[in-house]
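The two complexes that follow have chain A in common; it is paired with chain B in the first and with chain C in the second.
Then we have the complex of A and B:
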């Protein structure tokens, strides 16, 4: 138990250090962009005003409101102080909306789209990969090239193909939005059906691409494991095939679990392509527009979410690894 | 696996439902035959309903395109880009100047009422202007320099112009702009907001116009009000008590019960929805728009059924930065580049032919409408106009000016160094980027190196509005399109010296061009009413502009695009179509998306197909 505590104590220390570094970078990097969002807001307000002094006054007022008149380190401490209370300030691009408001209305859609898509893609991919390794023959001959093809299709390519084929030509799926263009959200079967039908294309555009990559990885790992000595020995001992496959799957899965954890950690950013192409609501497209409009507070907040998610997932992974693989556990206690 | 997918879907649904609001009453599925769908105006969630606020991302209710949008809040007058006239909305058609143009008077319609049933009065107009000046909102900062005060009682209003040192009005034209561009807010409501925010300017500007329960608190005068909005759409519902059904205004209610606008991620998504009949009116640029009906056979149309398809009143322009020595010193260089550009290619590539050519609307300071084209003497400046692609002429100009290629590297030199310029516009503005490429190509043909960096829009904005910048040599921006103050306002943006040295300059003369003669001519225009004198002034200004070339227009472009799908609604504005006013007169309806300026008249004439 002592070794356990020491191991995780050390881990937590490094995670905290990484977190602090990430927060500082999240804050500083967007602010190094050669843009002046306060000037944009001033411009929209002052349009037509030729009185230089009046324009300067408006500019100063907004500098004060956003705190951009303070030196960078003071801005940073203010940001940290507010962030602890869940207040990320006001957005530049959607001013006067608050960053927290923007994120809270978008993040549900992103999680609802990404989490099931990542899990389904991961499970289907690994299952098919393991089956291909185990069955080989015809199944593998078809699956491998298909998987290779799918895993190499860029996400935006897959999304556009699905949109054009199913949305524009076959007209079996809607092309934009999270629910029907003629509805407002309410609790009814029609609305739920509409949400599901709008969910289809973005969902499959993510799933199909990830199936390929997962299947290829799992297949290689499984083939490697199937040829391992312990498999041959187990067969020699007459252990049932099903049992052996169980061992093989568990061993081959390790690197795949890492992949799953990381894709869950980065899902906020990963939703970008599907969200933009299908005009689907969510945090990915919010982040994209924040970057293009130099909306520092929104960029810092969304990147902070990604940082925290990756750190948490990596930390959990360390714990889960111990359970999945006793060898890792042994190493952790050393 | 089935269970897993079912579970995943269930999780997804619960989550998506939890992030969206529920409508308490009314239609939850909008009847298609009672709803007019839009695209291309609203690109993100609505963040405010406050008509005296700032930076609203509420394009359907609080914005201007081809005139102010008046579906929810209303202006005193409506601007018609086709005939260049103001038509009464909240006010009667009786506005009049006194002799020396220091006072403008008009009356408010007797029928005009707020949504709470109270009368619209002079007090509302006065308070809207006064609060604007006090909190420095758009109205205050735009019109404060031109309006001294507004006074009046009951339904009578007098606007007192600000006077210059000579006792003349600073600019009567800007006061006409005020009439058609200022959304009038209710005086009582302004007082409430003022008190609720303790008179703090920033807090008043940021007030979103909703109460803690998220309900609209702002009284309005327009035919529609907020029904529903979230991150994906905004819906307006008709107010069947709208005062405008009075005979003194429209005499009836607008045809659609609902106006809805979904947020599309980009133009492609909006175009797909238009093709599918999910959008009726699209304010988007669609490349080769004619393919939709010619090739695809869809019931889609535009104002003109042939090129240029729409009314082009905008003049996207390449501005020369006078902080760059070689540019400031050599008008010949400025003119040579402008002469060598292939404008037909820009029209073909950037606008897919949706712009009148420079043969059809010769280069001047005017937009291509008949009203503005009549405002200068075409013959007097014919020798100065160019249609482009004139490489020989451009080379001859440069040779004559002494800008030569002395070291034989294919590029001309200035002070012994290769002339190397940039031509810049924001990244992703593909039609503008195509135009900048043509400028660079023109440079290559005449021995001037021109590169085309495309910064993100926000970076571009920060640089081009800085009067001291030397980063962009040539950059693209559009001057004013069409308002009552135009073409003066636009010409002032091209050559007026008011904007020289102004920091955060979003107002005009972005190249910081200085010309005392032009500035003096410009100062005479706002108070000149004699048409012949006006024409002479504009002709002189055109001569200076085409000789000095402080900037050059690259194409003509609509203030708002207008493409409609006629599968549900029909009788949209088309070439020559008119609206019958209460007094029986016929007025041309501009294709300003059924929402902007006098274009809103179209809402009253729409009919269902079949």
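Then we have the complex of A and C:
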């Protein structure tokens, strides 16, 4: 048990350090952008006002509200203090909405879109990959090139092709937004129907791309395991084929589970482009508009969410792997 | 070495990928020889000219003509100038006149015109029809009669403020395309700037592959160095390198890219700079996997022997470790190239790509097509070939990679 404690202690130490460094970088990088968003807000609100003194007052008033008049390090401590309470300040581009408000309205859409899409793509892909490895012959000959090709279609390409074919030509699904533009989100049958129809294209564009990648990965892992010595030995012993296949796929799953966890961790950044193309009201679109309008409180907060999600997932994976596969832990102490 | 290469070229997957990739490279080299010139030159005025062969109307009227009597020429001419609205309007007329149209096919121009000739009567004013509509039908009828009678067109030139007839064109005059001085084929039309899409696409493919190569080299070098050091030296250096790697993994790469983009300014943002930046943010997984490969190698007997012989760190890494992971590094490099091309495309789609006016890249073409909503106005030629080319490059590279993997890892073989 002492080995585990030392292993985890070391892991936790480096993860905390990574987390701190990541928070600092997430804070500083967007703020180094040479644009002055406060000035642009002032310009918008003081539009037409020629009284220089009044404009200067408005500018100072906003500087105070956004806290940009403080030196960088004081801004940082204020940011951290507020962030712990879930307060990321006010957004520049969507003033006077707060960043937390914008994010909480967007994150639901992203999770509702991505999580099922990632899971469905992963399940279908692995199933197909395992089948291809087991059946081989014709099925594999067709499936491998097709899934390799699918997995190489860029996410935005798949999104655009689906949009054009099903949205523009066949007109079976709407092309933009999370729900009909003339609706206000509320709980009713019409609204749910609208959400579901808007959901189809972004959902399938993510699923199709991920099916390909997962199938290729699972297929080669399964072939690798099927050729392993223990399989030959089990066959030799006369163990039933079904039981061997069970063992093989359990072993082949391990790296696939890692892949699943990582894609859940990076899901916000992962489908950024798909969300932008379908103007889906999720975090990806939010981040895109934040970037284009130099809205750094919003950029910091969204990238922080991604960072924390990725960190947590990699951390959990490391811990779980330490338990599942002692070789990983042992490798650290060689 | 020779044997390995021979083995590699026996793998059908590698050969398949290699052939596609070489075909793309050859097109990139050969096409500009046949169609030289600046790919960014604006050919057409206006956006999204359809693909096809464009014949200069001016030159065609000047060229010597032959007379051809083709049986279906009149019908084709009328069909082409009869718009869908006109067809619907004609059917509407028949219904208001109470004519049986159950057997009429609006696409069949012959039948439609026959019925029109039989039934249209300009002197009758159907009940309830506005006079605007009545006049519309009169005009429609006149233009239909004109089209069928094959009026002669007169080309006139202006001489001293007067129009002087210089040529008459009848419906049976034909001009051979070879006789027209200016004929331009645009196989993929033009884009939103009026540039020749095919020419731009060929040049963009070259730039994008170059971007991929630069990004791949940068990423592989950094990843390899870090992976070798972390894996072989271990200890604190390992922890520290993994710490840096983790930071680069968890901070979304494009946040770094935005910062660099803004700070170097659009003026400086050439393809090479963007490629280097992509390489600088994409090396992490190479470092991780090289590290784990090296960890499994570092306690092998031959490495220990070198250590005992007092060989230097650099020498051990170069002669005892690197050759064992060389095949792996080649495969990682191929994947880095393909992900570099993808990264450029994604960056450009966010408006953070190289400067538009200097070089065409696949991502920039995609970005502009989207900004001018080519996907909703039906201009498929502006974006679909781009998606196809990106997919094919990435597909061919990955196919080569899979082939190599099967050659170097015999357990993966079919």
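We take it that the second predicted complex is superposed on the first by the 296 of 334 C-alpha atoms of A that agree within 3 Å, B and C clash if a C-alpha of one lies under 4 Å from a C-alpha of the other, contacts with A are read in each partner's own complex, and residues count from 1 in each chain.
Definition applied: a residue touches a chain if its C-beta (ideal position, glycine included) is under 8 Å from a C-beta of that chain, and two chains touch if they have at least 3 such contacts.
Owing to the predicted nature of the structure, the values given are computational and were not obtained by experimental measurement.
Contacts of A:292 after superposition on the shared chain: both chain B and chain C are touched.
Judged by the touch definition given at the top, the superposed model places A:175 against both chain B and chain C. In the superposition on chain A, A:42 makes contact with chain B only, not with chain C. Ranking chain B and chain C by residues of chain A touched puts B first. By the touch criterion stated above, A:281 is placed in contact with chain B alone, chain C being left untouched.
Legend: residue contacts after superposition of the two complexes on their common chain; A:220 is shown touching chain C, with no touch to chain B. By the document's definition of touching, of the two partners only chain B reaches A:97; chain C does not. On chain A, the surface patch touched by chain B in one complex and by chain C in the other comprises residues 33-35, 163, 168, 175, 276-277, 292. Against chain C, the residues of chain A that register as touching in their complex are 10, 14-15, 17-18, 21-22, 25-26, 29-30, 32-35, 136, 140, 145, 148-149, 151-157, 160-161, 163-164, 168, 175, 216, 220, 223-224, 227-228, 269, 272-273, 276-277, 288, 291-292, 299, 303, 306-307, 310-311, 314, 331, 334. Those residues of chain B whose C-beta lies close enough to touch chain A in the complex are 1, 4-5, 8-9, 11-13, 15-23, 27-30, 32, 35, 37, 44-45, 47-48, 53-55, 57, 136-138, 141-142, 144-145, 201-202, 205-206, 208, 227-228, 230-233, 235, 260, 262-266, 269, 272-273, 275-276, 278, 428, 455-459, 461-463, 465, 498-499, 501-504, 506-507. Against chain B, in their complex, chain A makes its touches with residues 33-37, 39-52, 54-59, 61, 65, 94-97, 102, 104-109, 111-113, 115-116, 119-120, 123-124, 163, 167-168, 171, 175-188, 190-192, 195-196, 199, 275-281, 285, 289, 292-294.
Here chain C touches chain A in the complex through residues 234, 239, 242-243, 246-247, 249-252, 254-256, 258-259, 262-263, 292, 295-296, 298-299, 338, 342, 345-346, 349-351, 366, 370, 375-376, 378, 380, 383-384, 387, 390-391, 394-395, 398-399, 402, 405, 409, 411-412, 414, going by the rule given at the top.
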